[in-house]
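In what comes next, chain A is part of two complexes: it sits with chain B in the first one and with chain C in the second one.
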Partner chain A sequence: MPVVIVDGKEIEIRAGERLNAIEAAARAGVEIPHYCWHPGLSVVASCRMCLIEMGTRDPQTGKIVMLPKLVPACNTLVKDGMVIVTNTEKVARARAMVEEDLLLRHPIDCPICDKAGECRLQDYHFQYGQGERRADIRPITSRKRDIGDLFLFVDRCIMCSRCVRFTREISGTSELMIVNRGTHEEIDVLPDVPLHNKLSGNVVDLCPVGALADKDFLYKQRVWFLRRKASVCGLCATGCSIWIEENQDRVHRIKPRENMFVNKWWICNDGRYGYPFIHHPSRIRGVVRRTTSGQVAVGWNEALREIEEKVRTACRPALCLSPFLTNEEAYLAARWMRNTHPESVIALGPVPREGEDERFPGGFVISAEKCPNRLGVEAIAHGLGNGVLGWPEFLEEIAAGRIDRVIVLAGYIKPWLDETQAETVRKANWVALADLFPSPLSDKVDLLLGMATYAEHEGSYVNRHHRLQWLQRAVRPPLGSRCVGMVFWELSGRTGVYQPRTVLAELAAELPYFSAATGEIPDVGVDLRVNQLAPSTAETQASTA
Partner chain B sequence: MENFAPVLLANIHRPDSHTLGAYEATGGYQTLRRALRELSPAQVVEEVRRSGLRGRGGAGFPTGLKWSFLPADHPGPIYLCVNADESEPGTFCNRVLMELDPHQVLEGTILSAYATRATTAYIYLRYEYPLAFRRLQAAIDEAYAAGYLGKNILGSNFSLDVYIHRGAGAYICGEETGLIESIEGKRAWPRSKPPFPAVEGLFRKPTVVNNVETLACVKHIIERGADWFRSIGVPPSPDDPRDPGSFGPKLFCISGHVNKPGCYEAPLGIPCRELIEKFGGGVWKGRRAKAVVPGGLSTGVLTADELDVPMDFMGPVQKGCLGLGTGGVIVMDETYPMIEFLHNSCRFFAHESCGQCTPCREGTSWALQIVRRIRAGRGRLVDLDLLLEIADNIGIIPGTTICGLADGAAWPIKTAIRKFREELEDYIKRTNPTGYKTRRPVPALDNGTPSHKASPVSSHG
Partner chain C sequence: MKPDSSEIRWVDEPPLTPAERSYLPLFIEGLTTTLRHLVSPKITVQFPEERHEFPDPIIYRGVHRLNRDEQGRVKCVACFLCATACPAHCIDIVAAPSPWPDREKYPVVFNIDMLRCIFCGMCEEACPVDAIELTSLYDLSGKSREEMIFDKEKLLSVYDQTKDLEPPRWMRERDVVEDQKTDSASGEN
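Moving on to the complex of A and B:
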């Protein structure tokens, strides 16, 4: 195997692996600072922060010959016998010089800059820069420019050109460009072509300094107050890996989480800016029972008792699962239903779709299917149910009077059923609904339960490519609301707090489709299609459904 | 050296020297005719390689070697770019060739394209040469009409199309990969190498970029043979195994404080003093030279004591200059203050830095900021050390930039400060008697407001 020596430490790389010196050094635990290089973008080697000393070791004699000059690590592909040295005086001087250069015209307005705290210019300056300013003193300028989806703080820019390359290579929209030359260079857009595309938010993450700022996040929080939880975006079937960043039970921003199997480094603006519904004031809270004298709030214990009793005593109860539930919630609910009433049926809620899949030149796809877990919920329904009903059949069965009691677990973000459909569901003699927002159905049901959004429950989703990923709970549901998993955990007679990991283990043991999810779920998720010798019936049904 | 007769400039004084008729009357295109009939492309390459011809554009890279880097079995197309973006301050030799003998340049271009198997040649001409553009374009039209260009040139199966691409006035377009990007219609940001253009150049195809004067030399090498070329100039130094020698005639552009500024042809290795005295007619007004730029501003300065240096590719290097450069000799007389030289060169390179690499973009403008302040009478002695530190840290020689522009920016600073430090210190002390000793940062001259452009949509906060 090829061997590379980084600061005297030998590391092995796989044959045929294309790594640059930054990536190779990272494997040896050595950080090479860089601004312009990004693994997802083309290499320009222009910031010159990643300069290293490079040499080669003669395979026979073992003698090391170093190059006389510095080379950019980002543009140096490692090969067998390459020697990378980052801890010399020469490298340190070059880094300090670049840091000093970058601060010549930088306004250093960190106290009012959104990026402060996660800014590379700050971090690198403390780590590699020098304390003393040698350049002439100039008053600061901090020009803000509205370039469309974002703000551009012109003077903070260090000209790494990441954002420009992103719009050319990944989003394919090419709105951003560099105008003028030398120190007069600025990022800009053409007057009538603002930065406006569904991936534009990513350039804020790419910007190593505070030059590009989110309009949504601007001046809202200092980043060091935020705590981040690894999660999965619940807004479409792509299932991007995300960080949910919150402070005091309030989500303040969503950031992409690197996952080479799903979203690489990017997320779309729909997912990034689509979180405010979580804190929307019209969310359904707590439990409401409809009585002849109107709607009254009831406690959870009473609600659980009612559900249990109504299902047990029904002729033919039905459970409707929406594609917004986690696997664990769907499994707990379906298993309890089947155990409680042998005649019970399981139905699937409507699957929201909008237009067609949107594909970008960089490979990113926004799914037309606007729900996170259709495959998982369908696999569970088919695995546990006794003849699963689709949404139209479900409505027909109720209308025909063949289903008497209904539990609908919804969790839809956008309107999902119309007045007629709500009337049809209401034809059952008892209806319980768990949902996020008021709908035509919510004021007709007997029992209305507030539930949790993707930021508020823990569990797993299966994305459009059968990849199961784990969500951490980032914030608590609104006061009084509970996640569906907890409801059925208690109904199942289990003690203690709801433990989705335990549930997933049971699920993996019971349904072959989920067998790959046994054990710890890695950050990038697991592909449920691996290790399956033959496609199970559940999977075939799920994928053809 | 006494019996040297001009070759490249032999015909420029004839009437209508730029027309095809005048060119053919002096044996023009006969070399091409003979080469297409008798020589294979490989033989042309070998002849050029054997001649020891080095690029005349500034870096002095051996031309034959550059051509040999082209992949041998490439299906094509292969491109030839003619670098006519002559923007080095003090240089105008390509201009003379293109305006007064464009067919010579064309014949060299066609021969070189034949040697490199290129089927398209782009002449990258700087916009500021309108006469050169008109004459070159007329020459190309004449050559097409006479069958020297186009399909099946002179009945052979070699075809070549030549296009003129006019630049928009950026120095960086003279850098070969910047030039390639510019022809492709992009910002002229030099590419990081490797891959070199010979492997992946214009439109991602193998490309050769040669200077106008280099190509003119090719014509004469094929006409008179490599041995004739090697009889002119300086053989390789026996002490330096990496020196390929400096052969052939070279155009020198003499400007500045001389009596007869102009473009002259001399054998490589002619002493700088002889160049100034014999061709330039000596320093004007009976004064003595104080400093001389040997080969375009990028190369730095020679002092009056260093003028016996031979003007070959190694000569100026031994005196601390960047190299022979383009052969643009700028003479400054004894009354000329070096701070003006520094200011002029810093201003040029700060203005022309393409802005891609941080050390060059910021370093050149920082240097200009300091020099401006010194010139305005607010200099500090530490500024000279700071300038030297900036200059030592930019360029491809320390490895901190992609292209050589920053080296060119650094050398005038380095040589001027190292060779004329006393004068500069005197200037600082004289103009800033109260503040020259301070080491603390001082307010900037330009007050920090970006004067170049008022942003139409900007607002604070």
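Moving on to the complex of A and C:
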């Protein structure tokens, strides 16, 4: 096995593995600072921050010969016998020089820069730079330019060209470019071709300094006030791994979380800027019961009693599960329904679809299916129900009078049913609905329950490649609302706080489809097909694409 | 630990001398202190009829003010460093892109909850542009909790009220530099 020596420490790499010196050093626990290199982009070796001393060890004599000059680590593929040294005076001086050079033309307006606190220029300056500024330059205010989806703070840029390479290689739109030469270099767009594509928000994460700024997040919060929770985007079936960043129960931004099996380092703008619905004032809050005298707010205990009694005394009750529920919620609800009434039916809500899948040259796919958990909910419905109804059949059954009492667990973000469908559902003699926003159905139902969005409940989703990923709860639901899991946890007669981990363990034990989800769920999720025999090669390729 | 433990060392009071036993020396000593204070200058101030005079109002930590720049705009750049440094979490800022071409960011809302504030002066120390400063005003009062949350306008009005007596730091430093210049110029002459 090839051996690489990093700062005197030998590390083994797999034969045939293509690693550059930054990645190899990271395995040895040595951080090599870098600006322009990113694992998802091509290598340009232009920032010169990752300069290291490099040499080779003679396999026979064991003698080490070092190169006289420093080499960029990002552009140096490691091979057997390579020696990397990062802790010498020569390397430290090179880093300090790069830092000093970058700060010559930097505005140093950190107090008003949104990147401050997570800025590489700041971090590396404190770690590798020199304390004294030799150039007599006053702090300036950076020029600001609206380049379409984002703001560009021209003078903060350190010309790493990550954003330019991103638009060329990953989004394939090539809006950004470098204009002028030498110290006059700037990032810019053509006058009538602004930066506008579905992945443009990623260049803000890529930018190691504060040159590219979200219009959505601009000056809203300082980054050190935010707390982040690992979660999964709930807006399409791709199920990107995300960080939800919140402060005082308010989501302020969504950032991609690295997951090489799903979204790599990227997320789309729909997911990134699609969170404001969580705090929309028209959200359904608490429990509302419709009586002859109008709508009255009731407590949860009363609502639970009513649901329990109505389902138990029904002739043929139905439970409609939407693809926005977590697996745990869907399982608890379906399990309770089947246990409470042996004749009960399980139906599936409509699956929202918009257009076609959007594919990008870098391999990123935005799914046309605008819901996070269709596969998981369908597997649970088929595993627990006897004869699962699709949405049209469900409406037919109600219209034909074969279903008398209905619980609809919705949670749709966009309008999901029209007036006639709502009228059809209303034909049942008792209807309970859990939903996020008012819909044609919400003012007709007997019991209306406020529920939680993807940022407000804990649990798991199964994405379109059968990968189960865990969501952490980032913020609390609006006052009075509860997540569906909590409701059915109590209805099932369980005590204490709703524990989705326990529910997932039961689910994995009961349904073979979920059997891979036993034990701790890793950050990248688990592929539920690992326990199934011999997946076809076509499927494997599709999942890695 | 038990009373008979060897680690405990019992100390007895020293025996009183005959003079001490008469209590007279200590009595005289105490009365002398009282008499000295009777005739010494008074330092009690009859507040609110009289007000306390500070030797240096600049270093007193009283009510905050928000300084104005040369053009009369709020000097604060809404960097949130005061809110970050504040141990009482009494500063609430809402930032926005500024309406002026030469400034990038400014505070739309700048509230200080004077009831939560502990007047430690950390905000003043944290401020990178000397925009927030503590003045020598100490007698603040209000009829409700809401009234004691000082907003941007009120904090700016504190500046207008105190700027002549207590010039802001950036102005003082500028004056010092100019004084040095005139000093060195006169020295050359």
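Here is the rule we use: the second predicted complex is superposed on the first by the 530 of 545 C-alpha atoms of A that agree within 3 Å, B and C clash if a C-alpha of one lies under 4 Å from a C-alpha of the other, contacts with A are read in each partner's own complex, and residues count from 1 in each chain.
In this text, a residue touches a chain if its C-beta (ideal position, glycine included) is under 8 Å from a C-beta of that chain, and two chains touch if they have at least 3 such contacts.
Since the structure is predicted, the reported quantities are computational estimates derived from the model, not experimental observations.
Comparing chain B with chain C, the partner in contact with more residues of chain A is B. In the overlay built on the shared chain, the residue A:218 is in contact with chain C alone; chain B does not reach it. Legend: residue contacts after superposition of the two complexes on their common chain; A:94 is shown touching chain B, with no touch to chain C.
By the touch criterion defined above, A:105 reaches chain B but does not reach chain C.
By the document's definition of touching, both partners, chain B and chain C, reach A:144. When the two complexes are overlaid on their common chain A, residue A:185 makes contact with chain B while staying clear of chain C. In the superposition on chain A, A:505 contacts neither chain B nor chain C.
Comparing the two interfaces of chain A, the one with chain B and the one with chain C have residues 141-142, 144 in common.
Across the complex, chain B meets chain A through its residues 170, 187, 189, 192, 350-359, 361-366, 369-370, 373, 386, 393, 396-402, 441-450, 452-453, 455, 457-461.
Against chain A, the residues of chain C that register as touching in their complex are 77-81, 84, 95-97, 102-105, 128-129. Across the complex, chain A meets chain C through its residues 109, 111-112, 141-142, 144, 218-220, 222, 224-225. Contact residues on chain A toward chain B in their complex (touch as defined above): 43-49, 51, 67, 69-72, 75, 93-94, 97-98, 101-102, 104-105, 133-146, 154-155, 158-159, 178, 180-185.
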